[in-house]
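Each of the two complexes below includes chain A, the first together with chain B, the second together with chain C.
What follows is the complex of A and B.
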């Protein structure tokens, strides 16, 4: 395990720092469009960590679904819901309380992680790369019923979103 | 490979940052962005457990979990943005503290 700092670990920490700084940018940026751009950087960092964990499939899905589709939806919603009349305060009154609560949550999580002994494999060679075929086998044999249900759920949710966003006949 | 603890700590920090965004932002779309950050932290955790635990447990269910989380998140974003757009049309605001119609 302790075979010095490997290149993978260096890349992991670079990606982690980029991801966390971008995430802080998402929640503190003063301009909502900047927040959305920071969000793209944070998603790219998460996709990079998926690559380090040898799951290329999830990294690809992450970039395709989050990095493009979700971000485009969010940018459209930001542009559609911009109130032009007056400058908007971006943070609520309870901001110090929220920051304190988040820090408390972080302390609890890190305390739990440190207090637990994890059974890390002895060498990094013990960790097998997860192949695309193994993921496909798992999804389409063991998890086929949840897969179908989630597909139906997705189409119902998208239909519902269209219903919600489309104007009523008696609106005007 | 980075140690499992390091990945978990990074994900915990990402989750806490997302929680901070949910608790401090006013704009509904920005709150949604923060929720997405939290979801990302959780699915990254799932993948880390699956990859590091497959020797011990012999399956990769965590990766399937992460896949399903991404699908659910896409559905959730579409629905929530539909609600935000509808709210903006009715109340001319996307700030959650100004939408208090159901508040007693």
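What follows is the complex of A and C.
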């Protein structure tokens, strides 16, 4: 573009670098708590990208949901693993399977990116911010059935977790 | 908008933005100084002491002396601590609190920026603060720090849910009212909610919301009676036990700023912020005074609660959130939905919320009556049951007594 670099582009590149570095950090950090902390940096970068795309609602929900989720993840990492004693236990026998899954996902994403017809700044209209009410209307009218199904699914998962976690009455 | 209007001059955007940041930093520092002094004085009075008296007139310079001590103190890092987590944690705990100031309205026109999703923003960003706490807890490599941090995380996540639900209930009411004489899509903006309270503060429409919000705020801020994460007698200060000097100071700056923010948020949403009570508008000049008076009264109540209530046990705290506050918050949301969908008047909303509040207080009273027999872990509510029979059923209580 002739008019040089816009502020949005600068912010985008900073966010992109942050996201890439932290995403690589998630998988290469030997320490599982470090991996979780890199994870939240990557997710914060995604929230920043959402902000650039003027979908503030999704950006904030991203922070709200994943902020708590990553804290819980750290707690699980601390309680269920020996993060302190054996920090290097990330590579196990399932390594070939993991590599295969990663390559499969990569192929799928590249396929999707290639297959998409991208709009150029000339062809695309200015981005119209989607209002919160529009999102609410869509969720609670058009997409109400998937919404209810997801809700029921989460409730089942929650009940299952409570059943598993609650101590046996007889054991006491 | 804020400062350029205040100074009566126009200036470039970036200077304006910079001035706003400087203003917030100055406010945070002065606020922390004032609150520490106030807390020591109020607690002292409640305990029949006088508090700090020697530094400055009636001890007013005590906080400055404390701050000087903190910045000149040696910054110790335990040799087994995780370097990065330990050193970055104070900033991670502090920065989100700083960012939350953006949508908070001091007066009708004094705010950093009025966000349409202001309430969601506050909770989304403030929730990140707990990441810093967990980083500090884990990075310190200290048993008590870890215990405190895990408690803080469990507590913050548990109390966030009823608080968010109650905010949903408030926004529902606000959207219904704003649809009449404004833009309903602005119901998430804090300034719009404050602006709607010219005649009726929302505490009258959502009294249950106010109570749940304040209980949740006390828990989120680790204030007594919910201060298990930092309880001296249990976890020796909690997640910042290994910190010293200015890093410790940053944690405290974050705590006191969060206290100010939460209380200011409560006074904005429920007490009408910069509005005169009940629509007696006397002019714009006193808006900042009104905001600060409402906030100050609430702060005195929050600080006073530290001397008035005994500390809860962690399992009681979690049970209270999940088994009492969350169901009440859900019922409030459903009730509001039904009333507003059928076009109920404001007084119906308020009446239902008052009824729910009465039910909540009744339940708490019932629970406290049961707690008196807690030592034997009997669930007998009938006074006729003889104590002797229940005595063999004694099970060891996991945590220690209060």
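Here is the rule we go by: the second predicted complex is superposed on the first by the 115 of 172 C-alpha atoms of A that agree within 3 Å, B and C clash if a C-alpha of one lies under 4 Å from a C-alpha of the other, contacts with A are read in each partner's own complex, and residues count from 1 in each chain.
Operating definition for what follows: contacts are C-beta pairs under 8 Å (C-beta built on N, C-alpha and C of every residue); 3 or more make two chains touch, one makes a residue touch a chain.
Quick caveat: nothing in here was measured; it's all calculated off a predicted structure.
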Partner chain(s) touched by A:37 [first = chain B, second = chain C, both, neither]:
second
Examine A:50 and indicate which partner it touches, taking first as chain B and second as chain C; both and neither are also allowed.
first
Can A:144 be said to touch chain B (first), chain C (second), both, or neither?
neither
Should A:61 be classified as contacting the first partner (chain B), the second (chain C), both, or neither?
both
Looking at the overlay, what does A:74 touch: chain B (first), chain C (second), both, or neither?
both
If you tally the residues of chain A touched by each partner, is the higher count for chain B or for chain C?
B
Of the two partner chains, chain B (first) and chain C (second), which one does A:14 touch, if any: first, second, both, or neither?
neither
For A:133, decide between first (touching chain B), second (touching chain C), both and neither.
second
Could you tell me which stretches of chain A are touched by chain B in one complex and by chain C in the other?
57, 61, 70, 74, 78
Across the complex, what residues on chain A touch chain B?
1, 6, 8-9, 12-13, 16, 19-20, 23-24, 26-27, 32, 35-36, 39, 42-43, 46, 49-50, 52-55, 57-58, 61-62, 65-66, 69-70, 73-74, 76-78, 80-81, 83, 88-95, 97-99, 101-103, 105-106, 109-110, 113-114, 118-121, 124, 126-128, 130, 134-135, 138-139, 142-143, 146, 150-151, 153-154, 157-158, 160-165, 167
In the complex formed with chain A, which residues of chain B make contact?
1-10, 12-30, 32-34, 36-37, 40, 43-44, 47-48, 50-52, 54-56, 59-61, 63-64, 66-68, 70-79, 81-86, 88-89, 92-95, 97
If you look only at chain A, which of its residues touch chain C in the complex?
33-34, 37, 40, 44, 56-57, 60-61, 63-64, 67-68, 70-72, 74-75, 78, 84, 131-133, 172
Provide the residue numbers of chain C that touch chain A in the complex, in ascending order.
82, 84-85, 115-117, 120-121, 123-125, 127-128, 130-131, 134-135, 138, 141, 146, 150, 153-154, 156-157, 160, 164, 184-185, 188, 395
